[in-house]
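Heads up, there are several structures right after this.
Next come two complexes built around subunit A: one with subunit B, the other with subunit C.
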Partner chain A sequence: MADGFKTRKKALSRHGHWIERWKEGWAIYKKNLLGRIGLALLSIFTLMALASFIPPLIDPMYGPMSGVDPAITASTGPSARHWLGTDFMGRDLFSQLLAGARVAFTVGITSAFVSIVLGTLIGMVAGYLGGWTDVFLMRAADLIMVMPTLLVVLILAALFGQLNIWSIILIIALFRWPGVSRVIRAQTLTLKERPFIDAARVAGASHVRIIFRHIMPNVLPLSFLYMTFRVTAAINIEAALAFLGFGDPGTVSWGMMLQWVWKTGHMFKAPYWLLPPGICISLITLAFYLLGRAMDEVLDPRLRKEGERY
Partner chain B sequence: MIPKKKKAVFFTVFFLGCLWTGVGFGASKRAAYLKVGLFAEPKTLNIWLASDRWSFSVLSKIYQGLVTRDPETLELIPWLAETLPVYDPQTLSYTVTLRDAEWSDGSPVTAEDVAFTGNLIKEFKIPRHYWRWNFVKAIQVKDAKTVRFVLEKPMAIFLSRTLTTPIVSKKEWEAVAQRARKAGKPLTALMNHKIKNPIGNGPFVLKTWKQGAYLLLTKNPHFFGKGLKIAGHVLGPHVDGVLFKFYGTSDAAILALKKGDIDMYWWSVQAGYLGDLKKNPKITLFRNERSAMYYMGFNLRKPPFNDVALRQAVATLIDKDFIITRILQGDGERMDSVVPKGNKFYYCRPDTLWGAGLSREQRVKAAYKRLVEAGYSWKVPPVDESGKGVRAKEIRLPGGAPMGPFTILTPPADYDPLRAMSGTIIQEWLRAFGMPASAKPMAFGSLLDQVKVRRDFDAFILAYGKLSLDPDWIRAFFHSKNDKVRGRNMSGYHNPEFDRIADLSAATMDKKARRKLICDMQKILMKDLPYIPLYTPKMIEAVRNDRFSGWVNTLEGIGNIWSFCLVKPIRP
Partner chain C sequence: MDSKTSPEILRLSEVTKTFRQSRSFFSGTKKIVTALNRVSFHIHKGEIFGLIGESGSGKSTAGRLIVHLDRPDSGKIYLNQKEITRLPGRAFRPLRSRVQMIFQDPYQSLNPQLSVFEAVEEPLVVHGKGKRARREDRVVEILDAVRLRPPERFFYRFPHQLSGGQRQRVAIARAMVLNPELVVADEPTSMLDASISIQIFDILLRLREDLDVTFLFISHSLAAAHYLCDRIGVIFRGHLVETGEGKAVITRPGHPYTQALMDALPRFACGEKGRRYNALLNTRRKPPAPSGCPFYPRCAKGKASLCSAHAPPFKEIEAGHQVACFLAG
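Our next item is the complex of A and B:
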């Protein structure tokens, strides 16, 4: 009974510790102007992604892929009915832009998350176990790191036909973990020499327990920091693929919108069609970059100004 | 000491003199090259290997056949041949007399060359050509200018398909053929032979090919047609040469056309560019019919598309008018038969026009009715209890099993955005009907490999361009004997009745009787639907009108041999 009470108390205190750390981090973050701008931009894109489900409910003609305005058969400029205008088939560009935000988040966050999970696991295992495991995993990381992701995906698409969005996400994730794993490995190498790891080892903790219970909580903040940069890379790669004609044809992404404007010969004629997806790609990658910069400051006290150290 | 004034006068006179002589010299030497923009670079100048449009664009100026088509009437007329050969039904033979013609090296074009070309194709079974020569039993050289073809059986396509084959020089190819015969794989050796300076009989010869940059053809001084009046036209060529430039994207090519870097862009112009081009007074647009079929094909060798009811339902669901008005922007015509409507003699209206004139909801209801009759069911049917069309979920096959996911292969958007987009839209219509369809654009070579070689596919969207006006190709595309690896029957269609009529049509020399048989073939195909014909796009080409004139409009556009023989520089 007493043991159970102690365990609950311990858990609550650990929970409280995390909340404290989060509050502390947020206090630093909100002082950072770039971080605030990044977060504001991301909030706008999140709203866009959430709102993307609304237009097709208003009228089927606002369906981003197959909905067309019955009265319009060519690309037209902005109007009250179509806020950003229509593409060459009479499809609403604003609906496509909203749907593109959803795809950008899906691609960016999912592939970044998978690559971070892979990178963190491999980095921790390599750093902790060392020896041949370390050599093997890090050489594998080096091998993948030197491969140009976009080129590899283009070759795969040419060989096996256009890839669907989940295959693209998986490929991006599989090619973007080495950078993270190198950083996490370095962090693990310093952590495993610390007294608390020795204490755990002496107490009889298994390797798995040491890695997941004692090392992982200390490297996770770094992983999340890298995740913001990976999101940016993933969004850019998907957009480039789609623009070059190798995106998922069943998905309305910003890159796909750019491809349509290009391939239908409207590149220099329809700024209302060309600019919005281009601007959105730039802004969302900027937003994640700013978020990452601000998080960097939260995690690394050396980056803060004098007098702001906590 | 020369006074300053005199010095200034001297230099001015000297400068003007240089300028005047320079201009005069330049003008007298400047060649009138017609600059043509191509989307991509030719893959080869080996006529037997060439299978891409860009290689043919160049090779069709170098090598010529015995007959060609009149640009206005589209009737067959003699070209390298002096007159159209007449069929002798007693001996199953045609006798052809050649014009006085020379190869580009000055040697005469003889009956030996013609016989050599035919025998080479037959001996090596050269793909793309063999099928139009395999029924020729013997090629007899009567004299230097006369050659006789003896057929195994009457063959209606002899004039239109066999005699349009480009003739090659025996002198050039005999040694190559001999080396190829000694190789382990003779056909591969023949087709892999690198041609650096092809000896041709056409209006132009190869001057330079700087790979990756340009290809220059110059006027062939030995061209047989120079000064001749054929089909009412006195032939040239009137230009000194044709300079082909390669662009890779339409954007770059259209920009080059607007700036005057090229005189013609030899590729159909996308609707998006037309507005700007129309406003440019130095650019003229030509719109012409095409003899082409853009279609959706199925793999009939495996479920689910081995079921004719399902194919008919898909045909009903596809809104061809939508594709034409929206995706093609009106520059095309719907196809309801495998023969394009432009082929007025052979086109026959089928008994059923799948989905024609129906609204979206009517289309869904008609397809639903057809599939319910055939035993299909749904988790959520596309038509609810009140009879209203709704988004369906999970179509189930007659046995009750859910239909597995299937893909519609299309060429990639950078090759043909219209077909890629059509695939995506068809995918959406089928998904709304509960079918797990996915459009999958893939590189053109990989697509053909998957469909023709591995034959591992569900459905695809492809096209045939420059279809012969004699629609014997229907027989080739759908005869069961062509259902083989790399065969032309890509769908795996088998119908003994169709095969019988097809064979009969090929051997029927009477044009009217043949038309009736070809009509029957079209009707069978439109009922069985191994292919769903979608549309025939228009050919829209853009040229500059400030340097050259005299383009000849005909089926498939202005990029024809007549234009290249008749276009003249505009002299100020």
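Our next item is the complex of A and C:
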């Protein structure tokens, strides 16, 4: 067989397995109504986050943080000039809402990603090595798990003054891995007993190789499932922090917007200001949650409705 | 195969392995299960040695000890006259390429996330054998040898896309790709249909011819052993009870347990010709003293005075055919 043919064929089929799995997964996913709703909501928020770059380009006064409408000195309701109205110093609420979507995605996805990377690694190592390593890592996980994340972040914020958004992301991530690692550890414990791990040992594979080559691909789908739930938690925590006044003062998040409403005494006077960020927080967490539930069904055939064929 | 002249590749000497079964957290009493009790046998280069026994008899444990998946409690294992029993994992790694294993269940022994090429290539990567292109050639070669043809078409298939027989052939290719000297085949066909089993046996026989490899074939089936093996060892509850040339053990079984196994084989189309040994007792006797013959409780021929008190030593009933029974011969 000619070499060229061989390599080209490989390029076509090397990742065929994953493409096929994605297609299968999508076929199951799209039958789930809640999953479709979640995905639709998420695409709306994605569009919002992408669109957040546009308003400041149109006019500097639409800058979410620093743009001030010179004609306005107090909070005003929706108008053609400001679709959702303005805040107490004349900043455009709609462009703030769009910027908030961007912050929500950044916070949610980054901290969820860091926490599942940590959780997956720790879970695999604890489950595979067992013994004292396992005891030590899992007790550490328990310790962190019982600490109320919000409270700890509040204390840290009080200690170090204003935290910037990346520190907040990192702290949330560091407090959210134990849940993931418990699940991954349990999965690793069952995988460890499967004969293909013995087969890898007979082939001469090292522990590192067994963990990354043989166990990791088998737990990764589960990690990604947990990532969607972690996103929800991260967004909520950041919003709560910001609302309580411990957010990053340099970013406009939905929690920040709520804090401004409250601080300036517009809580019950300006529903056009209070409601949009509140609704957005609820809907984006709902969207990730629905996404996770639908993915759960893709990964776990036992959750599918009886009699349904895919 | 002239096994008498060829050198010894593997020797087990008085190997014992016990497993502790902790019942539950509170009951505390630990049950000790003896999987292998002072088992000794050897395998000559180039032969297929069959280790036959019922499930739970410790035959798989013997295989796992040989490939260093478990360590024996006592006794010694020699590979090419060199003791490997107590070698730490790191020191044993270079020897890994010389002793490989085919596992029982091809549905479980292949990682569902690795393609055929990745699975078969892995031992080469681990042992640092050759550049990518060289490895590719080797994988093609070995897939061809196990009759997965054309090999390139199987490269990027995944276990779930293969039949049971194809999977087991991938597992065999994986074991063979390093050109091992000794391969432990742990019931390689117990999960497969009879017709597929014969194909697998023929592949093993051909591989022995082509690659000059020695097999330890572990099975519960005397029929399979008869088809494949040059020499057979019969194991009962962790005790080796009979070894000998394959034909001799099958046609002239000396130990009552081997005779009972022969009786258990279904026979048809041979009328009353099939000899029956009636070596198995219908009721169980009380277990003997720990020093007694392990088969005594089930043995129809056992003598209370002798068998229940003393362990029978190995006795040569004909050249190269040894039986651990007082009454044999």
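In this text, the second predicted complex is superposed on the first by the 294 of 310 C-alpha atoms of A that agree within 3 Å, B and C clash if a C-alpha of one lies under 4 Å from a C-alpha of the other, contacts with A are read in each partner's own complex, and residues count from 1 in each chain.
In this section, contacts are C-beta pairs under 8 Å (C-beta built on N, C-alpha and C of every residue); 3 or more make two chains touch, one makes a residue touch a chain.
Predicted model only: the values in this text are computed from it and were never measured.
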item	value
First (subunit B), second (subunit C), both or neither touched by A:263	first
Subunit B versus subunit C as contact partner of A:205, first or second or both or neither	second
Which superposed partner A:195 touches (first subunit B, second subunit C, both, neither)	second
First, second, both or neither for A:224, with subunit B first and subunit C second	neither
First (subunit B), second (subunit C), both or neither touched by A:68	first
First (subunit B), second (subunit C), both or neither touched by A:289	neither
Partner chain in contact with A:158 - subunit B first, subunit C second, else both or neither	first
For the subunit B and subunit A complex, residues of the former touching the latter	250-251, 254, 269-276, 322, 325-327, 329-330, 407, 409-410, 412-414, 417, 420-421, 423-425, 427-429, 432, 438-443, 446-447, 450
Complex interface listing, subunit A residues touching subunit B	65-66, 68, 73-75, 88-90, 157-162, 164, 244-246, 249-250, 259-260, 262-267, 269
Contact set on subunit C toward subunit A in their complex	64, 67, 69, 93, 96-97, 100-101, 103-105, 108-115, 122-123, 126-127, 152, 155-156, 158, 171, 174-175
Partner subunit C, residues of subunit A touching it in the complex	1, 6, 9-10, 13-14, 16-17, 194-196, 198-206, 209, 213-214, 217-218
